[in-house]
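In what follows, a structure is listed as structure tokens, so that the remarks can point back to it.
The first chain written gets the first letter, and so on, giving A, B, C and D; residue counts start at 1 in each chain.
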Amino acid sequence: MTMPVDMSTTLGNAWFPSPIFTASGCASSGKELAQFFPLKDIGAVVTKSVMTKPRHGRPTPRMAETPSGMLNSIGLQGPGIDAFLANDVPWLLEQKARVIVSIAGETIEEYSTLARKLRSISGISAVEVNISCPNVENRGLVFACDPDASRRVIDGVRKTIGGELPIIAKLSPDVTDLPAIARGVVDAGADALALINTVLGMVINIDSMRPHLGGKTGGLSGPAIKPVAVRAIYQVHAALPQVPILGMGGVSTGRDALELILAGASGVSVGTASFGNPTALIQIRDELQTLLAARGFATLSQAVGYAHREEGP
Amino acid sequence: MATINKSAVQQIVTVLSNKRVGAYHQILLNVGDIVKSCRPGNFVAISVGGDASKMILRRAFAISRTSDSSQYGGTMELIVAPHGAGSRWLCAQSEGSELDIVAPLGTAFGIPTEPINALLIGGGYGSAPLFGLADLLKSRGCKVDMLLGASVGSKIYAPMEGKRSVNSLKIYTEDGSMGETGRVTQSLLEIIENRNIDVIYSCGPMGMLQAITELVSATEVIHQCAVEESMACGIGICMTCVLPVTKADGTTSMLRSCIDGPVMDGSSVRWDLVGKVPDSL
Amino acid sequence: MTMPVDMSTTLGNAWFPSPIFTASGCASSGKELAQFFPLKDIGAVVTKSVMTKPRHGRPTPRMAETPSGMLNSIGLQGPGIDAFLANDVPWLLEQKARVIVSIAGETIEEYSTLARKLRSISGISAVEVNISCPNVENRGLVFACDPDASRRVIDGVRKTIGGELPIIAKLSPDVTDLPAIARGVVDAGADALALINTVLGMVINIDSMRPHLGGKTGGLSGPAIKPVAVRAIYQVHAALPQVPILGMGGVSTGRDALELILAGASGVSVGTASFGNPTALIQIRDELQTLLAARGFATLSQAVGYAHREEGP
Amino acid sequence: MATINKSAVQQIVTVLSNKRVGAYHQILLNVGDIVKSCRPGNFVAISVGGDASKMILRRAFAISRTSDSSQYGGTMELIVAPHGAGSRWLCAQSEGSELDIVAPLGTAFGIPTEPINALLIGGGYGSAPLFGLADLLKSRGCKVDMLLGASVGSKIYAPMEGKRSVNSLKIYTEDGSMGETGRVTQSLLEIIENRNIDVIYSCGPMGMLQAITELVSATEVIHQCAVEESMACGIGICMTCVLPVTKADGTTSMLRSCIDGPVMDGSSVRWDLVGKVPDSL
């Protein structure tokens, strides 16, 4: 019952001592959480999606709490890649944190530009490519909802960044055929998949009688979407069993993390849960270890996708 | 290690008492050593709804007062309006209940090194942090006047003990049910002039803070206001609580009111752009 | 503040005294709720989707509670259309309930067969066509996820049923481009749209370490999905403002119903909320009336889609 | 008007007492006139978690006993195992708390018109409804024997008062911590034979009900069992709680255990198909 479990995991050729990561956009650049626990104690810090230029993001209100969830419409506010690489990455590396840099763009070219800038930075573990962004060259259609555009983004990043740094393509669940999108980006060179980004939602303020969020629609996150995340991970793992998945969506306990892992996730990002509980990542990591041990797993990797096993006990 | 949230801790604390005061609840918490790092203007973020709650986000409340001398060790007082489901849950917690809090958070009111003339302006429960501030200013030799406003008398929070620290207290209600009929801003420029006010400290609805900023813009008065934006995390990681703020170099940024606030320089806030975004960078 | 609000509504040429309906599959055939309130007191009873033949449905477990929601995998258990029309419909009409019959099929032909049977029945108000079913003729791809198949289902039903009975096409939110699917079925002859069916989800049982539901995946319903429903209704109403929408998804209070109506729903079905509260429909109806009155609406229809109005107060 | 749920009402009721008894909580509710329509075997569906709960479904509990003579008017007793979040919440409700219940629901144990020899078999909290049943059978002149089983002694629920209505009570625990070591089924055929049992009434885990059914299949004994399937609504509208049951005409249907159960004829349940579906119709 209490044998130590090897909690280490890999995504592509990147190794992490723990499978519990922050989720992009839910840990800012790391400094804010460092008061609550040492950043090196988690698997990795996945940084907020960064674009080429500084951005103000969307007007407020930017959030609405919903039953067991929340909507956000931040609109990728951020300092731009240059300031980010100059200030935030060195600080994180100094903390001995593993760093996964999340990038976002409005054109296929912008993603490649970001990849080029990353190429020269040493010490980062992987790049997460957030393709749940509107494509300004195609009527604002979100890249991740367009099989062709998502493939081309990843292809561009792969070609620019070279063969070393693992590429994690982050997909949106708001599509008819998720495995098809997943297959496309893997063919284009993604080493791993991040599932899921937020689900598109809206809240109407019944006093103003208009959409509550400044950005009208927002992304739904938190426990409410966990069943969607589990389904997405299970579906994609069934279709592409050899492709590692960084799972996320509503994880707030070790039990939730285990569910995603059994469905097929090799690592688990924790987003919204940190808003309600600054030490959520550490608690989830510890609970997960206990749960794995109680189930007789010697290593985390034995549990990855275990829910897919053939009939039997 | 971290420079942000630098004295914040997450802790389970006990409710020592919960009293109705007008439209509000005065809630006293046993928080131990946390009080040592609390400054007037800081806030606390509290989990609401219990273990099986559908409310996943913390609620923010100004720290009204702290004390380290009572029989209980460190105590923290909150003034809570039962507004929606979360604050109503909090107001229903009785003596002995446990709460999960993160505190202290955010910026504090700047305390002058010289004995100045301060005017404290509170709207509704916005007066909560002003009494602790008044004590501190008084102890630094400042002259402290106070204006409180609300829609109705029951929404004026002005405890007896609090009044001892202020030189004068003037109350305004919109319906005239307590004090003068009207708003705190209606004679503001006169009061500033008559009393030689150097600094205004304010806390209350955003409309009030904006109105004060506009009124004092033509004066020399410094205006420190505690803003209130909808917050998902309270600790700087979500970017939902931003306000457009003009920086020293004249550019406008969307700053987090939980980290760069809640206390901000009123004149730096681009009130005209709240709910909008500045021109693109 | 207390003037009476005209709560009546229409979907196509069908008139209802109240906009609050049951949701298909969440009121069985009506008898079970009749102990708690007279069925004529609500807008309509939308019956459980019926197929041509009797069906056992899926194995148990068929449900899993999730944060502010639940998953179900009933698999359309039911008596078949003949028994349904012989037993259930006459009983409902005797109660003076308005009846909307929901039909479901595995082939385009099956939907037409069902429509043919309905054609001869008098007294029903409308037919809701549940196209969130696997199409056995196309690798089990859900009709509602395939623009062409969904169009052909509605076309078949329209041609068979003739011009009188309003057709409400019920769509799935699990698609990349919901307005496109909506446009297709309206072109094919749907008079109204029902939005949204459940969201595909999954729960892994962390003790058995397999999918918890007998059917593996299930449909997510309840408050958790309300933001998805509001978004879907808002999007489709923006694209097709003249097409009436029967909104549903997580409504459990009058405030929720109002949100869906402001987003564009002319009627609101209440599903999962009745499981937790047998009198939910009546409470929601009454709360909605109070909220509309407090906002100065003289009629329900004035509030439909009100969140889309031009800038102004 | 309705023939289903025909005496069910939804009502807010008060907790009169909540005592720990072994591994369970014995919860007494003041339910007024509802008791008049409650029969042994019926269950109650209770909202859990309070106003801001993320648990949206009711929890089902067997009605253990009702009484109409106490000082409080009609009372209903439940025996609750703190299993998951919902039942733990229920077990934490103290005297005076209000609960939203729907009751009585489901089928009841059939009561013979002749004085027969009855054997009541309970597993774990499954004994809860059997004591009320025993009283009733006794009052009809039946001879009532009882077998209770559980994994450990703390999970045997057998109140002193309850024992008065039974002729004999035999307890089995798997770890031998109370009564005999083993399971209720181990000497069942012998007991049936020795005591001339006509009817078995059982309530407990599905595996126990299945085992009893199989053992008695070769005998003349009638077996009425109260099944326990996961229920979303408890009132027959969701179709989640179904069991494969053979009907008079030999065909198998998926029947709702909340409406056609929880009390069913054990021999009609297709235990081999639970968690599967019968061949297509």
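Here is the rule we use: a contact is a pair of C-beta atoms (placed from the backbone, for glycine too) under 8 Å apart; a residue touches a chain by one contact, two chains touch by 3 or more.
As the structure is a computational prediction, the values presented were derived from the model and not from experiment.
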Task: Contact-graph separation of chain A and chain D, given in steps at minimum - done: 1
Task: Identity of the chain that, by mean CA position, is farthest from chain D - done: B
Task: Inter-centroid spacing, chain C versus chain A (mean Cα positions, whole Å) - done: 34
TODO: Go ahead and note the Å separation of the Cα centroids belonging to chain A and chain B.
DONE: 35
Task: Centre distance in Å when chain B and chain D are each reduced to the mean of their C-alpha atoms - done: 55
TODO: Could you list the positions in chain A whose residues touch two or more of the other chains?
DONE: 67-69, 222-223
TODO: Could you check chain D for residues that touch two or more other chains and list them?
DONE: 54-55
Open item on the list: How are the chains arranged in terms of who touches whom: line, ring, star, complete or other?
Closed with: complete
Task: Complex interface listing, chain D residues touching chain C - done: 1-6, 8, 10, 47, 54-58, 100, 102, 229-230, 232-233, 235-244, 253-254, 259, 274-278, 280-281
TODO: State the interface residues of chain A toward chain C in the complex, per the touch definition above.
DONE: 64, 66-69, 71, 145, 174-177, 199-204, 206, 209-211, 216-218, 220, 222-228, 230-231, 234, 250, 255, 258-259, 262-263, 291, 295, 306-307, 309
Task: Of all residues in chain D, those that touch chain A in their complex - done: 54
Open item on the list: Applying the document's contact rule, which stretches of chain C touch chain D when the two form their complex?
Closed with: 25-28, 31-36, 38, 48, 53-63, 65, 67-70, 72, 74, 77, 95, 214, 222-223, 252, 272-279
Task: In the complex with chain B, residue positions of chain D that touch it - done: 48-55, 85-86, 89
